[in-house]
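Working notes, beginning with the structure itself.
Naming follows writing order (A, B, C and D), and every chain is counted from residue 1.
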Amino acid sequence: MSADALGLKLGGPGGQAVVARLRKRAAEERRWAKVTLRVGIAIVAIVAFVCFAAPLLGFADPNQQNLLGALKPPSLEHPFGTDALGRDILTRVVYGGRIDLTFAVLTTIAAFVLGTLVGAVAGYRGGWLDTFVNRLVDTVVAFPFIVFILAIVTITGPGLKGAYIGVIAVSWALYARMARAEMLVEREREYILAAKTLGYSTRRIVFRHALPNVVRASIVFSMAEIVLNILLLSSLSYLGLGVQPPTPEWGALVAEGQDVLLTSWWVATLPGLVIVLVGIGFSLIGDGIADRFGRDFSLSGGE
Amino acid sequence: MVLVLSIALGVTVTACGGSSSTESTGGESAESSEGGGASESKEAAEGSEETPGTPVKGGVLTFARSEDTSPGLNPIGLPTNGSIFVMQQIFDQLVETEGDKEVHPGLARSWESSKDGLHWTFHLREAEFSNGEPVTAEDVKWSIECFANPKIDVSYAFLAESIKDVKIDDPKTVTIDLKKVDAPFLYNLAVYAAAIRPKKVVEEIGEKEFAQHPVGSGPFMLKQMVVGQQTSLVPNPHYWRKNEPYLEEVVFQYVPDANTRVLKVTSGEAQVANEIPYNQVEQLNEAEGLEVQVQDTYSWSSVFLNQTKPPLEDEKIRQALNYATPKEAILESVFHGFGEVSNSNTPKLKFWDSSVQPYPYDLEKAEELMAESSQPNGFKLELWVPGGEPAVVQTAEILKQEWAKIGVNVDIVPKETSALISAWIEGKGGMAATWSPLGNSSDTITDDEIVGLILNPDAGLHSNGTYYDNPKVTKMMTEARETLDENERAQIFSEIQQIALNEAPSVPLFFTKSLTAVHDEVKDFSTFPIGWWPLREVWMEG
Amino acid sequence: MGAYLLRRAVQAIPVLIGISLAAFLLIHLVPGDPARILLGAQATPKAVATLHEQLGLDRPLPTQYLNFITGAVHFEFGESLSQKVGVGKLIGTRAEVTLLLLMMATLLSITIAVPLAVAAALRRNRPVDHSIRLFSMFTFAMPSFLLGLLLILFFSLKLKWLPTSGYGSGFGGHLRALILPALTVGLYLAPILLRTLRIGIIDTLGTEYIEAARARGLARRLIIFKHVLKNSVIPTVTVLGLNIGFLLSGLVVIENVFSLPGLGSELVTAIGNRDYPTIQALTLVFGVSVVAINLLTDLLYSYLDPRVRL
Amino acid sequence: MNGTASELLAVRDLTIGFPAPGGLLLAADGIDFDVAVGRTVGLVGESGCGKSVTLRSLLGLVPYPGEVLAGTIHWRGEEMLTASGKRQATLRGTEISMIFQDPTSCLNPVFTVGNQMVETLRKRAGLGRREARTRAMELLDRVGLSAPEKRLAAYPHELSGGMRQRVMIAISIATRPRLLLADEPTTALDVTTQEQILALLKELQAEDGMAILLVSHDLGVISETCDEVVVMYAGRMLEAGYDREVMRSPRHPYTRGLIEAMPSLEVTDEEPPVPIGGQPPDLTALPPGCPFQPRCKFVRDQCAEIPVALDATLAEHGSACPFEGVRS
């Protein structure tokens, strides 16, 4: 029934107002749902674009020192101020973005995929496999991360190779555990029993049917974890296990800012805010995806 | 939460009293005079105090320190600076060091040596340990023997190699016979490992237990030690300097984070805080009731060059690197002017010669040398730096930019600190390395020990990983050790300093300064170059 | 249940052996001789050799490891190389700090996360939901030392309510000293719990049994905090358990900023000194705690959802 | 108070709308019916005809983003739509209660049956803890469940579909409601359990005069249990009346089609069940006039102009198709 038909039915303008209100609310609901995903993607895309297209946008050499202009507060010339060697922090943040965004996204995706697959199968299969995976997760989570990274960096040498291996080798355990926990509940559900009776192979049941429902919490968490991996680089560079100086990298920038925090707050805070911004972007994407996957409680119920 | 953020950021600026105005390019804060005053008489060591007030008893001094006393408080063992500086408040040595480069009477009222310098007789003063037991010649003999025994005193026994025998002449006199003339011997007796310890107590409870319950004859005694948190000392009632110490209690709090130390001292929770970050000195000085004392230390920083790694065997290249190092600019930006341009491969000890000219920053000379060197069109230099030391990494970053001007492409390699030092000393490190200036500091006043470790290949450290080997210099070192004539020793060490500087086994950077924030109500507080503070002189006003 | 616990205990043994062996091998792989480090950079080789021998480091690696394990079995962890103090005692005091801190932080993060997650889920995709998620991102992604210092500046310097740092004395003193650090950790943990809980609640709100409960006229608060919450909390419990496991050794920065003698900073010092006995003992402590936490989470699963067969 | 004494529920011109991409869809359009004490009224129609939304609107549970746009609901004379949220809430679960279609998912899986029953008895029937427990056991026994003690301690997934539905019924009658809303209560059950559940509902009704509003797509279930029948299609009422009249002499082609499509044991070879052709209606694009036109065998031109409403009130046997009797 078209709106005006209802208007007629509801007797003139009063009806129209009701229709309009109703339609506005539904539209608003749908708009907000899409907005989360769009805004998230926009934020990440803009930051990524600025970082990867830095030279084109007129950002000069990030390592250009100007000792006389050290620790200058934010100004027009240096929107993010300058660090202890007079280098422009905004340029370093922009050039650093390339390293951090790639590192964070790749390690998170690798860990997410590896962990969720292993966890899902373990949770579904149960028995010795589940026990083995669980205990392996215990070992990985319990193992002191710094000792692990230190040993790897001794072999792989400086640069982020060690950090890549270390982070993936540890954070997969997070996703394995989450996927397993969700699978424990999911495998009891009717549609899984039904799939079994239809003789589907385990692989098909787990990956095509169970996984989408198991993966939602992990998606939300993975988007948050992306930021954690960037901050992890901060503590690594503080221990001398991060990128090779003077390469700009967000974690190192923040670590450098710690010592001058009380006098030059901008050195650590502004790069920190960029990390927060990226964190917001990714988490909005995470929520957007998770909302799309999930049962939309607002429209279920009566036919 | 945002509200909190903005208020707090605002607070950052106001609470610490300094506006985040542009950083003034230099201007040393009121540099206090050289530490140290006459040994016996009481006179304010600190120049900045107008009228030397008369000391008043009482008051608890809370000291926010960057190190803790985790290794325990036993002079014989493996103490870190964290423990050593606290032990100097608890123990006495036969002779004491102070701000100046001389040795002063400690438990030995006076001493004299035989003409040939092989027999030293010490006259002990009336003194008691903090448990009321008198300090006997037996205690002194036993303590010195422990100090000289490499099995027990693993780290510093080599300082007492020259001791042949310790004889008790009478209950108040002890004579030490030496195998050979050992000029720095008297100064070495001032080192913390030569502390006089109560023989009965140590033999009764054992070295390990003694580290937790030390008994000494110094101005203070241990009240309580909570490892990793705080260590508190109270006055030793039996101390031989009757009217000292003035403080009622000293509480060393372990505060590893520099910002937290600053906040603790600005909030008044602590009256003193050490290792203040260079960039915060000016702001703290502006805060009323607070002053940052800047004092000399026996620490130094430099870039060590491994001569076995080509092309660093070429002296011209090493010299070129020295000429191409803008020490003044680095000092201003990274260290905010707090430090002194170094003219030596070793720290400013007793026989340091201030007249030796440091390498000026002279790019043409550097380019000239590079042109004449074995690598005229430059080379790649692998420079190892430790983690967790922003100032050191920043210095390396400046050197990378500056040395590139003479064709040297520096590849900065960050390393975990312990891995770096071990690998470097064993020659398995990179081509060059630099590490925390506080990591290299001397525990004795005389140059013999440090010059030996840094410039003498036979000391087993490959001249601290630089593989510097100049037989003439090595011979001069042994000569210096075997002559008692101070002027001659000064002459020899000055020559060594000049030769080594020319042969450039490393790129000397700075002599480090200690930065300690002190509240105005804390009087007569000072820090000796060797690192510890004479807390027996300190008193609190009102 | 008893059988299950026994089985889990038995399974824990290979985990602990695996971790301690891995830690033992890896730390020996990393260059750095404890004797040289303890003696300082300028130690003479002779001194290094004698210390090496005194510390028993010249014994073959297998014997060193075996001694460690036999010792560990009856809680004898030997002596810290650098601190000449029984490792057991050393770690004991520090474990108390870290566990107390983590417990307080967990409580704080739950009390922050649950109400906000409910609010965000109920007003889904509306301003309340967005602002909660936005601001939670600030405290989550902010470097911990920055968050910690801001809290110190505000609560101890400006308002003078709490000490700036240190662990205080006496149980009351400990709690008071741990408020700000626990808040720092809590403000980091809360956003993770908040996000996973929000999605869980949204899922559960759409189910028939919730509609049936509303049809029975049950009060809204009862429906949300009893029926909805218990069904949507499993992924959050997992995330919380994991994060506590990681934070046992991961709180170094916060422990430094607040001068807390915790396990994290002890691990970093021990690694710096290549203090093998302490590192191995710490690894065992982390191992046992993580195994315990994971066991607890699994038990929580079966309590939370009876359909989960352990 | 215009309702008669025995009248419980009076629904007049109920219209419920949902926003839809095209514009708006009316899940219920002008629904009128009454439910008297002790009577059973059936709403029947294919899925998507608005019967379930209508049922939920009586408890104020129209799923989001739907909304009641017009009409009135009188409960024992009191207008409910304009009543305060609080007032509506007091009715829910006490005077009116509801049971659902899928027993497997309408009990909270993580709480025991006992917990959920005691909770309702304490919160909605105001009983103390011990009383609630004994009352719960009585109820389980009353709905035909053996060993009530064991059932209370069981979790929903440990019971069969039929048993769970009995538990749902036990919970719903715990507060002695005057009206029981039943949304396809037997659809998910096998035939024998279905009979037992319907018989149980009838017994409970006979006992204390509880009215039942039964929603189903199964005309057989409706005709077997209901006194009056309302046939719904595309959100509108096409026919309503006493069960016997409607079943024996259906006036609307759609009702007739439903009856012919019913499989029954007596079917002989000549009259096999004949399904209704065409597709279920698209609520956002309904034809003017009679919504059944596209699938009606007797469609003619005037069908586009006929009014939406029934021609008579429920008392008699109303139909929305003026051309009745065309076939006979």
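One rule holds for everything that comes next: a contact is a pair of C-beta atoms (placed from the backbone, for glycine too) under 8 Å apart; a residue touches a chain by one contact, two chains touch by 3 or more.
Computed from a prediction, not measured in an experiment: that's the story for all the values here.
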Number of steps on the shortest touching-chain route linking chain A and chain C: 1
Third chains touching both chain D and chain B: A, C
Central chain of the complex, centres being mean CA coordinates: C
Contact-richer chain pair [B-C vs A-B]: B-C
Longest centre-to-centre distance from chain D, chain (CA-based): B
Chain B and chain C, separation of their C-alpha mean positions in angstrom: 37
Geometric centre distance via CA averages, chain D-chain A, whole Å: 47
Distance from the mean Cα position of chain D to that of chain C, given in whole angstrom: 54
Touching two or more other chains - residue numbers and ranges from chain D: 61, 157
Residues within chain A bordering two or more other chains: 29, 150, 154, 188, 239, 258, 261-262, 269, 297-298, 300-301
For chain B, residues that touch 2 or more chains besides their own: 9, 12, 259, 263, 416-417, 419
Pairs of chains found to touch, sorted by chain label: A-B, A-C, A-D, B-C, C-D
In the complex with chain D, residue positions of chain C that touch it: 207-219, 222, 226-227, 230-231, 304-307
Sites on chain B touched by chain A in the complex: 9, 12-13, 16, 18, 20, 22-23, 25, 258-259, 262-263, 277, 279-280, 282-283, 329-330, 332-334, 385-388, 390-391, 393-394, 396-398, 400-401, 411-417, 419-420
Contact set on chain D toward chain A in their complex: 15, 17-20, 22-27, 29, 47-50, 52-53, 55-56, 61-67, 69-70, 104, 157, 283-284, 286
List of chain A residues in touch with chain D within their complex: 1-3, 6, 9-10, 15, 18-19, 22-23, 25-27, 29, 188, 190, 297-303
Interface residues, chain C side, partner chain B - complex: 30-33, 36-47, 50-51, 54, 82-85, 90, 93-94, 135, 138-139, 145, 149-154, 156-158, 160, 163-167, 187, 256-259, 261, 265-266, 269, 271-274
